[in-house]
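Paired with chain B in one complex and with chain C in the other, chain A is shared by the two complexes that follow.
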Partner chain A sequence: MAKDNSSLQATTGTAGLFVVAAALRLLLFTAFPGLPNLLTGRVEISTPVTSFKRLQEGLFLYNHNVSPYDGGVYHQAPLLLPLFSLLPDPSTYPIFTYILYILVDLLSANALYKIAESKEGAISRLYTSPRKEKRWSGYIVAALFLLNPFTIATCVGRPTSVFTTCAILHAVAKALSGNIFTSMLSLSFAAYLSMYPLLLLPPMVILAYDRTYNPKAPKSLGQLAGMCTLVVGGSLGLLFLSSYALTGSWEFLSSTYGIQLTLTDLTPNAGLWWYFFTEMFDSFRSFFLGVFWLHLSSYTPALTIRLRQQPLAVTTLLLGIFAIFKPYPSIADTSLFLSLVPCFRHVFPLLRYSFVTSSVVLYGTFLGPAFYHLWIYAGSGNANFFYAITLVWSLGLSLLVSDLAFAILRDEWEVERPEMRGKEIRQI
Partner chain B sequence: MSVDLQNDGDSKPIISPDAATVSLPATGIATTTTPERKEPPPEKEADTRRRSWIVLSFWLITVFIGLPVWWNTTTIYRANLPLTQMTDWADGKACEPVFPLRIALDVGAMPEQEAQNLLRLTQHALDDLNDFSGHHLRLQLAQAPATEAAAASVRDDSNVALTIRLAPGDAAHAASSSLHPHLPILDVQYPPNSLPTANSPSSGLATYIATQLGSTFAEEQNIISYLLETSSITPEHRPKGISQEVVESVSKRMTRQLKYSQTYHLTFSLFTNGPIPSSWDIEAAIDEYMKPVLDMLRPIHNFTIDTQVQLYASPGVQSQVLGKEDLSSFINAAEWPLSPSIGGAPTVNFIIYIGNQTIGVPSEASPAETSQSWMIPQWGSVYLLAPPPAEAAHVSSETLKQPILTFTSHLLTLLGTPQSGSLPLRLSTLARIRSADLLLRASSSLGSLARLTLALPSISIPSNVADGVVKTIQHLELACASLGGGASSQSLEHARVAEREAERAFFEKSMVGQLYFPDEHKIAVYLPLLGPIGVPLVMGLLNEIKAWKSRRSQKLKAA
Partner chain C sequence: MCGSTATASALFVGRSPTLQKAPPYISLLLILVGVAWLFMLPLNDYSRRTYISENALLPGQVHTYFGGSDQNVLRAYRHEVGALENNTNTEVNDKLEHMFRSMGLKVGRQNYTYTTSGNTIAGENVYAILQAPRGDATEAIVLVAAWRNVKGEFNRNGLAVALALTRYFKRWSLWSKDIILVVPPDSRAGTQAWVDAYHDSHDSRRVADLPIKSGALQGAIAIDFPQEERFEGVHIVYDGINGQLPNLDLINSVTNIASGQMGMGSSIQNMFHHNDEYRDRLTCMLRGMVNQGLGHAVGPHSSFIPYHVDAITIQPVGQGWHDEMGLGRLIEGTFRSLNNLLEHLHQSFFFYLLMQKERFVSIGTYLPSAMLIAANFTITAIALWVKSGYAPKKTTGATAKEAKVDVIQEKKEGADTKKAMRESPEDLQPTVERELYLPLSLVTGCQFLGFVPLFVFNHVPSSLLTPLFIMTTLLSLTLPHALSFFLVTTYKPTHQQYQLITSFFLLLLGMFLSTLATLNFSLAFLVGLLATPLTFVHPFRLVSKLPAAGYAYSALLSLLNPGVVVLGAAVATLHSGMGLGLAGLDLTPWEAIQKVLEESAFGWGVWGMYTPLIFWCVWFPAWVVGSVVVLG
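Up next, the complex of A and B:
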């Protein structure tokens, strides 16, 4: 009874939060009519593979019965097109698009609420943190997501990466509630939209396995992994087939995933790839594309093995790594990573560089647009200006990722060595 | 606590979630809790194994995905090129640059025996006279009496370059000869008594004919030996050279002519310094005075023509009388709309300027004729026309006759036609010169490509380069086989294809980029980018191996 009551309370609480968050976004959309288009044009928010402007271009071609990939501007998944062509034209009735994006944000926040409420961050099947008492409720975690300036800017800038964010968060939430099939379906949606979430499959499988583990009738992890892979493969196949039916050719594969794999669009962004590949010798280009992709994907198995006991931590750390090292990162990826970090409130006292990290991230946040302006508009700086600030930004994020990884490992280690609690560590 | 990672699905969890209360696994080591200066407890076996798995996972990715990616993306594709064949062509070993020209001897009513005799003697005289083996004149008796119609048909289909028509003349004292103006025929009139007898070692008539032939083909010989001289062919495969003066005079002419192209674009421009004349009969004038020559050039070149009229055009030089140095700056390139040679066909410009200017350079040969026009090497020609007497706004075809004829002769010079001889002879010579030129250029391109391939082992050779080389060699062989034969245009066609393919193969885009990429750069590329990845990978592996060794030695000790 008391439990019911509290959950009801939480729901009413989040309802208020959701209303506030939606109202804030609506206010930004309507009170500053120029803001959505300004943010859509920012390279920190819109990448070639997520930009709303490019989506409109593809939509126009699609509505005029031309292949949306003609012209080489649109690089996003084909199934987004019928969704947006159902809405009234965004330039005349933008409110419907705004409402869609607000709804997607609220859905993500709802999934995040469930993730935080599941307490998986501190208590997993194989591991219980000694600091498990110290945690934030779902309400706070959802509020941190919804009121995060990065999330708000992303929502107003309307890149399609919010759909990926929503799909990933739902995949995690469904895996936590033991709903394996829905979780895998959600993950394959995310992979269909952005490709890189496919790398989250191993920790997701372990998460789903741990949450559905029944000590009386233990199932095999390998069996479950096989089943999950089949589900993801099957649903991806279905999505591809329906995309083929929609566009009439397999062209979309090379135009969406091919662009991410080969980095043919070198529009500057907050990531590390574009500058390397503008400078790269042509004969080494394909080799280093291979190296960069391998680097990105090599973290998955190692982290999954190391943090086998805390699959949610693996997922969070991987999302942080992707936000730094993926080919077209934007602040949408950062906000996804930052939204999951509060689930690890219990290790916050173990973070060593929280001040440095937050200063560096803030530094990058404020100087990034300024340096971009100096380079592109004022002409008083060059590409190195902007690249330097993206390096700082990535440094800040990687500090956060490594510090979080350290804190999680230290937390694990203190279980083993309770006497070392609160002592300085020293490498031997 | 430990988790069996190898088969953690099947195994039951060894520890309960509340790991803090669980004692360490039975490794026989108890944690001692002396506060200061204590040694850290030894690593648990599960941790060691886990670390090995992590190192292994990185190495598996590196070895099974990274190495194939590296191999696939950095191996340089080198198509097989027939290198020896290519250098053979460039050195002149593959094709003897010999032009056997067949000369038909039409003896008319002469008896067979005497004709054979004359033929033998003339051939002897020719061989004695000609010290240049690359250009070989071979006499033969004409099959049928050379009427003009027969000669015309012969020119088309057989290998005969020139027909000598012998006829007994009236003049009792000396032989005389003249070239037919429209057909490749040399008419020789000989005194009836000068026919050689059966056993005489030499004959005045034979020597005379040989000398005439020699002088007729002297220019062609000079040009061809000049081409061989300046080509990549090694001296031992080259026929005997020519004297220095000849080289100089020929090279002067060669620098004047346009680079060979199958199609030329002719632009006729009328520039006037005032409002009139504003129209001209250029079409009729070209049809009448230039078309016949263009038609004759058809097997060698194609021509496209356009015309333009520009009023109030001011030349680059304003002075009334143009000196020698003014001629080069007369063209007002900045203001006159003259099309540059962009695209497939080079442009030849012909400009008629109507104004009050005259040329002040006296010409030695015929002042009246050349004082109105001059030729600009590799570009075109200018003709100064005096303003029409009345206020006539139209330039008639009659007025244009002299300019167009001048332009025609300038065009022939620009195309590299020899200057002596009758027109048909000059054109067939031109075809031979051009095919020799193209053949040599294609061969030298092949040689350069072969040298490049050998000099840069790291350059990639796409398969279309190999295809181009094979095609070039194939067409070179065909061109070489038909070289010097009467069917010159076929040889020219093959040489043309060969040259085009060779150029395309040599200037392949993907190869040019790597020309400037030495091997040392690879260190600069690999080291900074792969060092940070490679060091932890290798160090991790080394540590694992060391740990494994010490474990083994401990186990041995224990046993």
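Up next, the complex of A and C:
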């Protein structure tokens, strides 16, 4: 009964939070009619593979029975098109699009609430943190996600990456509740939309395995992994087939995933790739594309093996790494990473560079648009200005990722070596 | 974010007691160096002579042929323009359109209606396009002759010169860029409406579309020539909106042609008698900085600059022997130079401070002074953050009981042994968990509070502006006392929380100012300088047990309250020659304040000037929070 009461309270609490968050977004959408389009145009929010403007272009072509990939502007998944063509035209009745994006944000927050409430951050099957009492409730974690300025800016800027965010968070939440099939389905949706979430498959399998582990009848991990791969492969295959049926050709594969693999669109963004590849001689291009992708994907096995005991930590760290090193990152990816960080409240006292990190990220947030303005509009700066700031931004994020990894490892280490608790460590 | 260990903190000031005390002195040093730096700039060793960087310009290398019978044409135009002085905007434009058509030009007209501070500013621009005989309409140069200049004087000669020049230009076959003559009815809103619409970034409810257009604008010259007598030299006005400046090559070309070819004097920043000594150079530079910092339009050219169109206004000044034809030849020479350009002006500097028409400092030399001032805030912020992570030395009262003390036993080994021995045991302070909620919510709350006056002052009618502003200033003077009282009675903030409050608002201030310094150096420098006392705020009553000192410091801060500063500046500049554009207007202080506030609302609404935003959302919140800390 008491439990019912508290869950009821929690529900009303989150309902209040959701209403506030939705109202805030709706207010921003309606009170500042120029804001959505302004943010849609920002390179920090919209990348070539997520931009809402490009989606509209694709939608226009699609609605006029032309292949949406003609013209080389639209690089997003084909199944987004029927979804958006169901909605009234965003330029005349924008409110429906707004409501859709607000709902997606709330769904993500709901998944995040479940993730935080599962306490997986501090207590996994194989590992229990000595600091487990120190944690934030799902309410706080969801609030930190919903009221994060990056999340709000992303929602108002309407890139399609919010759907990927939502799918990834749901995949994690479902894996935590032991619902393996739905989790894998959700993950394949995320992978279908943005491709990179496929790299999250190993930690997700382990997460699902740990959460469904029954000590009386243990199943083999390999078996589960095979099954999960089959589910993901099957659902991706179905999605591809329906995309083929929709567009009538396999062109979409090269226009969506091919673009990410070969980086043919060099529009500036918050990441590290574009500048590098604008400077690159063509003969080295394919080599470095291989290097960059190999670098990005090498983190998955490494972290999965090292942090086998804490699969949620692996997922979080990987999302942080993707937000830095993927080909077209935006603040949407950052906000996804930052949304999972509060699940590790218990290791916050072990973070060493919290102030430096937050200052660097704050400085990057303000200097980025200023330098972009100097480069593009004022004409008094050049591309190096903006790239310098993306370096600072990535430095801030990588500090956070490495600091979090350090804190998590230190927390593990103190379980193995209780006598070292509280002692300072130094690199030799 | 909440926690800390000594590891990172030790990077900065953790261990050494001398280093712990250093940050305020470092901050003070940075401020002093920053200010001294600025005063060094006019010296010969730190400033440079100007030079023409873009070789395509070739200023003064062509013969100018505007003269002879064109003088009769000019005189005729002057009569025609003079006869129209008391006609309405539409009648004037009808007549001008007729004149343009008889010259064989394409003509367009554009209506605009702006409403700011309850006043409606409406008018109709008329403009004509001379199509380049050798061009393909991809590039254009603009000649602006507003009907009235910024002071509201009738620009009779300016318009006559522009008309005669256009007619004369039409006869030449050497133009490779289109020439557009724009005649707005005023110098403040008209050009803005025209440029906005030319670049399709206008709000079509207020500004009409342009019926005809030409290519990308390569440069713009505005003529402001209301005086009837012959003139001595030209005054070049170059400040753009938000302190953006035109490429230095453009200014250099005009001074070069004026002095080298025409034998005219030229001057900048209202310094008509510049003897090129330290004092004059400094005054000139400071006037430039004030104009840049205010970020308002100082001439019809200002609106062009945000669109990356290099533009200046040329004003003939003084009593001398040059006539309108001389001005015409100067403009002809400049247009020939611009006509030569193969690409947009980019060679020379966009960030500079001119201290004489031929002497400047570039960004690399002057930026450190604003950055040092911004850095002083950041350094104190970092130091306070680190300090707040340590428990107070004497564990007293509620502070230590509430704070969860997490003792870190530092064990030194090897090479560190000596150092460890030198440190007395009480220097090894325990670390504490930081309580962030109160500081974060106070700083964020005050930051958002700034949007209220920003909204109000950009929307109330002009008659209410002055009383409302004085009321707001008085309110803002009492606000810290009320807030502090509220905080002390309700939350009883600890010393650590005050440190965190200070750290956060200084961090934000330092960050805003260093970002701003890259966009508008002067504004960042001025705001930074006026905010420097905020670096040294400290809860006097709680920590030093000196409530009187707190009130004294608070009184000092009250003198530097943003509102008080604006009121003071508005009144003080009434009679001096610089800043705010109020000199010689013969206003009462009340009207002067109203004029400043109207200008600010006008700038925000029409020009996209962000100075009010900096004022209300950077400076004002920092001042409020700083004053609260002092009173704590």
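Some points to look at:
By definition in this document, the second predicted complex is superposed on the first by the 426 of 428 C-alpha atoms of A that agree within 3 Å, B and C clash if a C-alpha of one lies under 4 Å from a C-alpha of the other, contacts with A are read in each partner's own complex, and residues count from 1 in each chain.
Note that in this section a contact is a pair of C-beta atoms (placed from the backbone, for glycine too) under 8 Å apart; a residue touches a chain by one contact, two chains touch by 3 or more.
Computed from a predicted model, the values in this text were never measured in an experiment.
In the superposition on chain A, A:308 makes contact with chain B only, while chain C stays out of contact range. Contacts of A:377 after superposition: chain C is touched, whereas chain B is not reached.
With both structures placed on the common chain, the touch criterion links A:418 to chain B but leaves chain C unconnected. Judged by the touch definition given at the top, the superposed model places A:284 against chain B, while chain C stays out of reach. When the shared chain is aligned, no partner comes close enough to touch A:38: not chain B, not chain C.
By the touch criterion defined above, A:238 lies against neither chain B nor chain C after alignment on the C-alpha atoms of chain A.
Within the superposed three-chain model, A:356 lies in touch with chain C and out of touch with chain B [touch as defined at top].
Set against each other, chain B and chain C differ in how many residues of chain A they touch, and the higher count belongs to B.
Once the two complexes are laid over each other on the shared chain, residue contacts for A:15 go to neither chain B nor chain C. Contacts of A:366 after superposition on the shared chain: chain C is touched, whereas chain B is not.
Contact residues of chain A toward chain B in the complex are 123, 125-128, 130, 209, 215, 218-224, 281-284, 286-291, 294-295, 297-298, 301-302, 305-306, 308-309, 415-419, 428.
By the touch criterion stated above, chain A contacts chain C in their complex at residues 348-356, 358-359, 362-363, 366-367, 370-371, 373-374, 377-380, 422-425. Per the touch definition, chain B reaches chain A in the complex via residues 1, 3, 5, 8-10, 12-13, 17-20, 31, 33, 40-41, 50, 53-54, 57-58, 61-62, 65-66, 69-70, 73-74, 460, 513-514, 517, 521, 525, 529-530, 533. Contact residues of chain C toward chain A in the complex are 1-8, 244, 306, 308, 344, 346, 350-351, 378, 382, 385-386, 406-411, 433, 507, 511-512, 514-516, 518-519.
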